[in-house]
Each structure stands twice: as C-alpha cells, then as structure tokens.
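Next come two complexes, and both contain subunit A; in the first it sits with subunit B, in the second with subunit C.
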Partner chain A sequence: MKLLEFLDVEVAYGAIVALQGVSFQVEEGEIVTLLGANGAGKSTTLRTISGLLPLRRGEVRLGGVDLRKLPAHEIVARGIAHVPEGRGIFANLTVQENLELATWTRKDKAQVAADFRYVYELFPRLGERRRQLGGTLSGGEQQMLAVARALMTRGRVMLLDEPSMGLSPLLVKEIFRTIGEINARGTTILLVEQNAHMALKIAHRGYVLETGRVVLAGTAAELAADPRVKEAYLGG
Partner chain B sequence: MYTVIIQQALNALQLGAIYALIALGYSMVYGIIRLINFAHGDIFMVGAYIGLGVALFLKPPFLVLVLVTMGLTALLGVTIERVAYRRLRHAQRMSAVITALGVGIFLENFVRAAISANPQAYPVLIAPRTLSLSGVSTTNVQLMVIGVSIALMLVLRYIIRQTMLGKAMRAVSDNKEVVPLMGINLNLIVSATFALGSALAAAGGIFYGQAYPMIDPYMGIVIGWKAFISAVMGGIGQVDGAMLGGFILGTVEVIGATFRSTLRDGIAFAILILVLLIKPTGLLGRPVTKKV
Partner chain C sequence: MHTIQPEWQIMRDRLRLGWRGYAAAGVYAALVILVMLAARYQWSIGSVELANPYYLHNLTLIGINVILVASLNLVNGYLGEFAIGHAGFLAVGAYASSVVTLLFHQSFWVALPVGALAGAVVGYLIALPAFKTFGDYLAIVTLGFNMIIVNIIQNLEVIGGPRGWGGQPKMTSFWLVAVVAGLSLIILRNLVYSNYGRVWLAIRENEIAAEMMGVDVMRYKMIAFVIAAFFAGLAGALWAHYQQYIHPSSFTYLRTTDLLVMLYLGGMASLSGSVLGVTIMTVLLESLRGVLSQFNLAEWRMVISPLVLIVIMLTRPQGLMGNREFAFVPRREEVPRREPARG
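Moving on to the complex of A and B:
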C-alpha cells in the first residue's frame, strides 16, 4: 500500500528552484533512501514533506491525506516523524524532557509510558543519561536522542536526514542497525544519506536526485549495481 | 543601626520585586523570539490602569482583583503579539524593535486620550496598617507586595521548569526551527509567553499603585527601562537572571537614595554598564556555545 506519495513537486527558495518536479513514493513498511550530492534537494524534500517549506506545485500525501495545506505541527500529528539534519536536539533540556516534548500531541498516556520504556531499552545510553542536558551528550548520543524523539511522536513514516553525519564508523553501524530494528517493528522509513554504501545496504529501494530531479530509481540492489551510482556515490 | 538596615532591605525588596515582575516579561519574550519588547513597560502601565478600573467597577477582594487584572492584561499582551509582532517574526530584527517602540507610544497616548494625562490616585485596595516589630516599622501593604510577588515568581518558575508548556518555552528558546517537528504549535507557545509576561507586569502595576500611590500614562517608560536593565544585568533570556537583576537594582536604588536621591538613577545605569563590561551576557547569562 502506498503510504507516502510525493508527486511532481516543485519547491523554490526565492528565484532558486530546489526541486523541479520530483516524484517518488514509499510503500508501507519499506525503507526507501534518497541519494545525491550536496544541494541535490534531499533535505529540501524532507522539509517539504513535514511542512517546513511550502511547495509551488505538486502533491504530498500521507495515506491518501493531502498534507499541503497543513501546518508543520499538524503534519506530525498525522504521522510524519522528522529527524532533522544536524539532529536539532534541545541542548538546554534534559534527555527526558527532549523526549517528553515529542509526546505533545499524544493523548494515549499508557502507550506513551510504554514507548518511554521501549526507547530507553533501544538506547540504554539515553536511559543512563536521562537527567543530563541534551547539549552535554556526545555526537552519537545526540543522534540517538534525535531518533528516539522521533519515535516518541509515534509517526507512521520516519524521515531521517543524514543520520550518519559526523559519526565514527562504529557509531554509524550502530545507528543503521537501530534504523533496521525500528523498521522491523513497523515504522516506514525515508532515509536521506551521503553514505550511499550504508544506505543501500539497509534500504529496499532508492532514488537518486541530481539538481532537483530524480535521475535514477530502483531497488537497492539495482542501484548498488548501477555503474553511474557506483562511480558517483560508491567510490568507483 | 540594624533596624535601619532591615527597614531599607524591605524597601529594596519591595522595589526590586516590582522591577523583577516586569523584567521577567522582557526576558521571556527575548528568550523565545529574540525581540526586545519595548512596549512591555507600557503594558505594565496599562496593567496598572486595568487594575484601577477593575477596582472601581467591580470592587472585588484583593487577590481576585490581582488575578482578573492579570488575565485581562495577558489578553492585551497576546493581542499585541498577534497584531503587531507575528508578521514581523522573520523580518529584520530592527523592524520588530521599531514596531515595539511604536506600540508603546500608542499605548501611552491611548491611555492619555481615553483617561487623562494627569496622574491618578490609586485606590486603596488594602487598608494600610503600620506594623512594628522590635523597632522595625513596615506596613501590611509592603509585606503583601513582597510576599505576593515572590509567590508569583515561584509559580512562574514552576511553570517553566516542570510543566509541558514551560518545557516547550525552553525548547523554543533553544531551537525554534525544530519545535514544530515535535507537533508543537510555535504560535501557541509565543502567545503563552506574552500572556505570562504581561500578566506578571500587570501584577507589578497594581503593586506599584499600592506602594507608590500615583499612576500616570508615562510611568511605564522609566520603570520599563529599569526593568529592562534588570533583565539585561541578570542575563536576558534567563528567568532567574531577571529576578536577580530586579532585586539588585532595587537594592542599589534604595542604597543610592539614602545617600543622595538625585544620584539614584545614575548609579543604576552605571552599575548596568559595569556589569556588562565585566560579563557581557549578564550575571546568569550562559556563554553562547553550540555542539555540532
């Protein structure tokens, strides 16, 4: 079933057109990755889905519901969980408070409590540091907190913007293993990555963006075998 | 000798409490949207007038009067943000600051036109009684101003530290762009901040009217500046800083006035400059650090 649809979307920053009619879709339960160089429009795509950027043309639908007219905070309540580029944690709030804020729209108290237990089980390090301020965490821990926070919103689709950025290879592995686990528990994932190698290992399908257009699409295996992808994103 | 010190300490607490109540509004609004709301001193003034109106027309018990006035003034603050500032949130900083100055001038002239440019005597809301305890003489009004102010500040502190609203306010102050991604309506948090700040200023206005029993449409200017100084001195954006700054300024002024009353304001401003030279972010201001 099509869960997230992005149809012929055009987005511009002033006179600069960042997305020139991008289309893709994400099926329920999938991990889909968007690959591309800096400035190809990957983050712009995610920011458009969560309502942080207005679109000039095209459609964005989640489970058939039009997201275009909704403000960003309502889109979260509809089921989009966005882990922003650079993590965007609240540095002067504790780990626990960061997570609590992500439950702002939720009324299901019992489920929230269960989700706290789940998240602290998934990231024991966050559990140990729950009274610590977000800003005192290491880069890897901050990334975990950003993912944990997105989990607490109970989104149906999680948008991940460069989760591996600035992390050691070991931590990158850990983060990707966690993404796989989250997906296995039923969350659909749209992953933006510079690390094409890791992304294609975990994803089911992928799209390659170049200067605001989709230039390639296919299963992860097809993309990994494509000579153009190999040359441009997998280091030959 | 020590009775004089205690008596002056009570005077300092009373004045400081009023500065602190107003300073909190400057500090919170700045913390959230990085706007120096120069109309805030005038919101304090309008709050005092609203309190006067409520007292004359409804004659409620004192605490009810304070709460009703706080509520009405909160509405004023929310309306000002909605009408004058919201559209400028992404505009140049200077546009919003100029607008705030304009809103302040509007409020002063509105009150002047609607009521009078002349000072008004504030109604006596609590029958004053002089209390003396082993040589220290004070009034029930003074103790009430100090007590209720401190209680209000403790409530605010609780809201900011413990409640979801307070956590959201701190989150906005930290990273405004990410707040909507938590499902939080940013405008709601900004409105709530203006409501809280204006409500506290209104309480300050009533207490001012009780303690120094004349009010006029321009009283918000100098007192507003001093509250602003308190906020900056304490570290603008920091709630505890605003309170600390208010009490320090109150103390400095009371001490200054015992020596030479004409030097009072000069001393206050000199101390501001000194504090900022030594610690530019204010006494409790955090140095700007960011982990990437």
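Moving on to the complex of A and C:
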C-alpha cells in the first residue's frame, strides 16, 4: 500500500529551483533511501514533506491525505516524524523533557507510557541520562535522542536527514542497526544519506537525485550494482 | 507530563511551589510585614528612620518594575524573542484602568483587572501581525506599536491628550504592590516551569525542531506575549493609581529601554535575575541622584543606564543571573510532577 506519495513536485528558493518535478513513493513498511550529492535536493524533499517549504507544483500525500495545505505542526500530528539535519536537540531541556515534548499532540496516554519504555529499551544510554540536559550529550547520544524523539511522535513515516553525519564509524553502525530495528517494528522510513554504502545496505528501495531530478530508481540491490551509482556514490 | 492532563490537574500542579518556594514566600511576606510595621511605628536606628516615605516610595516603584521586567522576561528571555514595546502595554493598563475609575466612576478593584485584561487584549491584537515576523522584524513591529499607542493617547482629548491625565484615586500602596508583585512572581515561576515553559524554551532553542515535534509554535508564542502584556497592563493600573497622574511621555520607548536595561542586567530567562536587575538599577539611579548632585553632575545621571547596558554586554552578556535562579526558586527537576513510566 502506498503510504507516502510525492508527485511531480517543484520547489524553489526564490529564483533557484531546488526540485524540478520530483516523484517517488514509499510503501508501508519500507525503508526507502534518497541518494545524491550536496545540493541535489534531498533535504529539500524532506523539508517539503514536513511542510517547512511551500510547493510550486505537485502533490504530497500521506495515506491519501493531501499534506500541502496543512501547517507543519499538523503534518506531524498526521504521522510524519522528521529527524532534522543537525538533530535539533533542545539543549536546555533534559533528555526526558525532549522526549515529553514530542508527545505533545498525542492523546493515547497508555501508549505514550509504553513508548517511553520502548525508546529507553532501544536506547539504554538515553535512559541512563534522562535527567541530563540535551546539550551535554555527545554527538552520538544527541542523534539517538533525535531519533527517539521522532519515535515518540508515533509517526507512520520517519524522515531521517543524514543520521550518520559527524559520527564515528562505530556509532554510524549502531545508528543504522537501530534504524533497521525501528523499521522491523513497523515504522516506515524515508532515509536521506551521504553514506550511500550504509544506506543501500538497510534500504529496500532507493532513488538517486541529481540537481533536483530523480535520475535513477530501483531496489537497493539494483542501485548498489548500477555502475553509475558505484562510480558516483560508492567510490568505484 | 507526557500525557494530556485534565485542566484541573494542570492548574493544581501550577500552584505547587515545593518547600523552598513556600519558604521563600514566607520570608518575603515577613519582610513586607516588617517594612510595614517599621513604617507604621516609625522604627529608627539612631536618627535614621528605617522605613521613611521615601524608602517606601522606592520599594513601591521596585515592585511595579518587577512585575514589568519579570513579565517581559517571559517573551525576551524564556521565549527568546526580542519585543521592545512593553511600555505600550503599561500605557494601555494605566489608561484603561483610569477610564474605569475616572470616566465610569467605578471602584479601583474593578479597574485593576480591567487594566490587566486591556493589556492582554491589546497584546493579542498586536501579536496577531507581530508573530508573522520574528527577530529584528518583531522588534520593529513592537516598537512601532509602542509609538502608535503613545500617539493615540496624545490625540485623545477625553483621556487628557498631551497634557496628561490626573485625579486617579490613590488606591495603590506599598502593601498592595508587594502582594501583587509577589503573586505575579509565583504565577510566572509556575508558568515557566510548566509545560508551557518547556515549550517556550524549546522554541527558543530550535523553532523548527519544536515545530517538528508537533508544537503549534505561533500559538505558544502568542500565549507568552499575551501573558506578558497582561502583567504589563496590571502594572499600569497599579502605577496610575499610585502616581495619580499619567502622562503619555512616561510610556515612550525610553521607558521600554529602561525595562530592557533592568532585564539584561538581571539576566535573561531568570526570574530572580529580573528582581535583582530592577532592584540594582533603581537603587543605583536613586543613590546617584544624591551623589552626582554634590559634584554638580546631576544631569549625567541618565547616562548611567545606557552605560550599564554597554558594560553588561561587553563583560557579561548573559546578565547577572542568565538562565539561573537563586536556590529559593526551586529548579525544574525539583518541581513536583508525576513521574513518567520508566524503561
């Protein structure tokens, strides 16, 4: 079943057209990755889904519902959980408060309590540091907190923007393992990554963006085997 | 906290102070009563009267300014916006309450809440366009509002126009200001440590991330702004019925600047800082009045407060107490709230 649809979307920053008719879709339960160089429009795509950028043309649908006219905070309530680039941790709130904030729009009390147990089980480090201020966490812990926070909004689709950025190889592995686990528990994931190698390892399907256009699409295995992808993103 | 609480529970949690808070409130009440007794029975040490009318006058002004600066801190400190029209809401409260007592001949006890509500209503109307912008633009919009209010007052003959407006009954006294300022601080503290306060901090730290958590950022900004305007209106009503004469020139952006100096001196996002900043500036300016005139430098007094501002910005930009509180204001972790499920 199509969960997220992105149809012929055009987005511009002033005179600069960042997305020139991009289309893709994400099925329920999938991990889909968007690959591409800097400036290809990957983050722009995620920000467009979240309602942070206006569309010039095209459609964005979540489970058939048009997201275009909704303000960003309502898009969250409809089920988009965005982990922004650079994590966006609230430095002066504790870990626990960071997570509590994400449950702001939810009305299912019992489920919230269960979700707290779930994320602390998924990220035991965060459980140990729940009274610590977000700003005092290490980079890897902050990334975990960002992911945990998005989980707490109980979105149907999680948008992950460069989760590996600035992390050590060990932590990158850890984060990707967790992403796989989150997906296995039923959250659909749209992953934007510079680290194409890791991304294609866990993704089911992928799209390659170049200067605001989709130039390649396929299953992760097909993309990993494609000579153009190999050359441009997997280092030969 | 991680669940939507019934409204009455939220209200109850907001009224909780914790033992330190109650102790602080007790000490505060004791001090106020002591000052009043000293004034009533003219206690003195040697020939120096402990609570002469001049001291009481200054303490009253400090109380009114505490309400103003602490509420401004909500917007400029906790929310992290830069609004510079606070004196405008002070004017709204002062004039609205005076309309009630002077034109409608109603009791001051009606005028006091009317002044505060008028501040809140005008605050809401200003917030609607103002929060479509942010940063420098919000500053300009609020500054513009401040100027417009003063101009409107100057052109309304029925409320005195440019001559000012006098004859308000003297209803505000030291004890009333002490009580209202104390209650205001308690309410503001509870707000700051409530869910609202956490959302304001989150917006200050990262507006987009807050939005990504499903927070209606615009709505929470407006709530902070309206609450701040409410307290400014309250202060205005107190002030009008203390001075018994109000004049448009008291509400210009210069007044706002004074408040900003006190706020920045005390420190952003700190209520004890606000109290400290107001007290230091008031005492400093008053004591300089005497000292400077001895050296024939009286007209230099007004140079002091901008000078203080420059020195703070250069040496301690976070202010004396920035983001911290004295121990008697219980920290966030100590605020009683229901423990979320542990994992």
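What we mean here is this: the second predicted complex is superposed on the first by the 236 of 236 C-alpha atoms of A that agree within 3 Å, B and C clash if a C-alpha of one lies under 4 Å from a C-alpha of the other, contacts with A are read in each partner's own complex, and residues count from 1 in each chain.
Everything that follows uses one rule, which is that a contact is a pair of C-beta atoms (placed from the backbone, for glycine too) under 8 Å apart; a residue touches a chain by one contact, two chains touch by 3 or more.
Quick caveat, the model's predicted, so the values are computed rather than measured.
When both complexes are overlaid on subunit A, subunit B and subunit C end up clashing with each other.
Shared-chain residue A:R131: touches subunit C; no touch with subunit B. Once the two complexes are laid over each other on the shared chain, residue contacts for A:A12 go to neither subunit B nor subunit C. Once the two complexes are laid over each other on the shared chain, residue contacts for A:V112 go to subunit C alone; subunit B is not touched. Of the two partner chains, neither subunit B nor subunit C is touched by A:A37. Judged by the touch definition given at the top, the superposed model places A:N92 against both subunit B and subunit C. When the two complexes are overlaid on their common chain A, residue A:L52 makes contact with subunit B and with subunit C alike.
In the superposed model, C is the one of subunit B and subunit C that contacts more residues of subunit A.
In the superposition on chain A, contact of A:H73 is made with both subunit B and subunit C. Legend: residue contacts after superposition of the two complexes on their common chain; A:P84 is shown touching both subunit B and subunit C.
Applying the stated contact rule after C-alpha superposition, one finds that A:E100 touches each of subunit B and subunit C. When both complexes are aligned on chain A by C-alpha atoms, subunit A residues 50, 52, 71-74, 76-77, 82, 84, 88-93, 97, 100-102, 104-105, 149, 153 touch subunit B in the first and subunit C in the second. Put simply, subunit B touches subunit A in their complex at residues 164, 167-168, 170-171, 173-175, 177-178, 180-186, 286, 289-292. Within the complex formed with subunit A, the subunit C residues making contact are 1-4, 198-199, 201-202, 204-206, 208-217, 323, 332-333, 340-343.
Contact residues of subunit A toward subunit C in the complex are 50, 52, 71-74, 76-77, 81-82, 84, 88-94, 96-97, 99-107, 109, 112-114, 116-121, 127, 131, 149-150, 153. The residues of subunit A lying in touch with subunit B in their complex are 50-52, 71-74, 76-77, 82, 84, 86, 88-93, 97, 100-102, 104-105, 135, 139, 142, 149, 153, 166.
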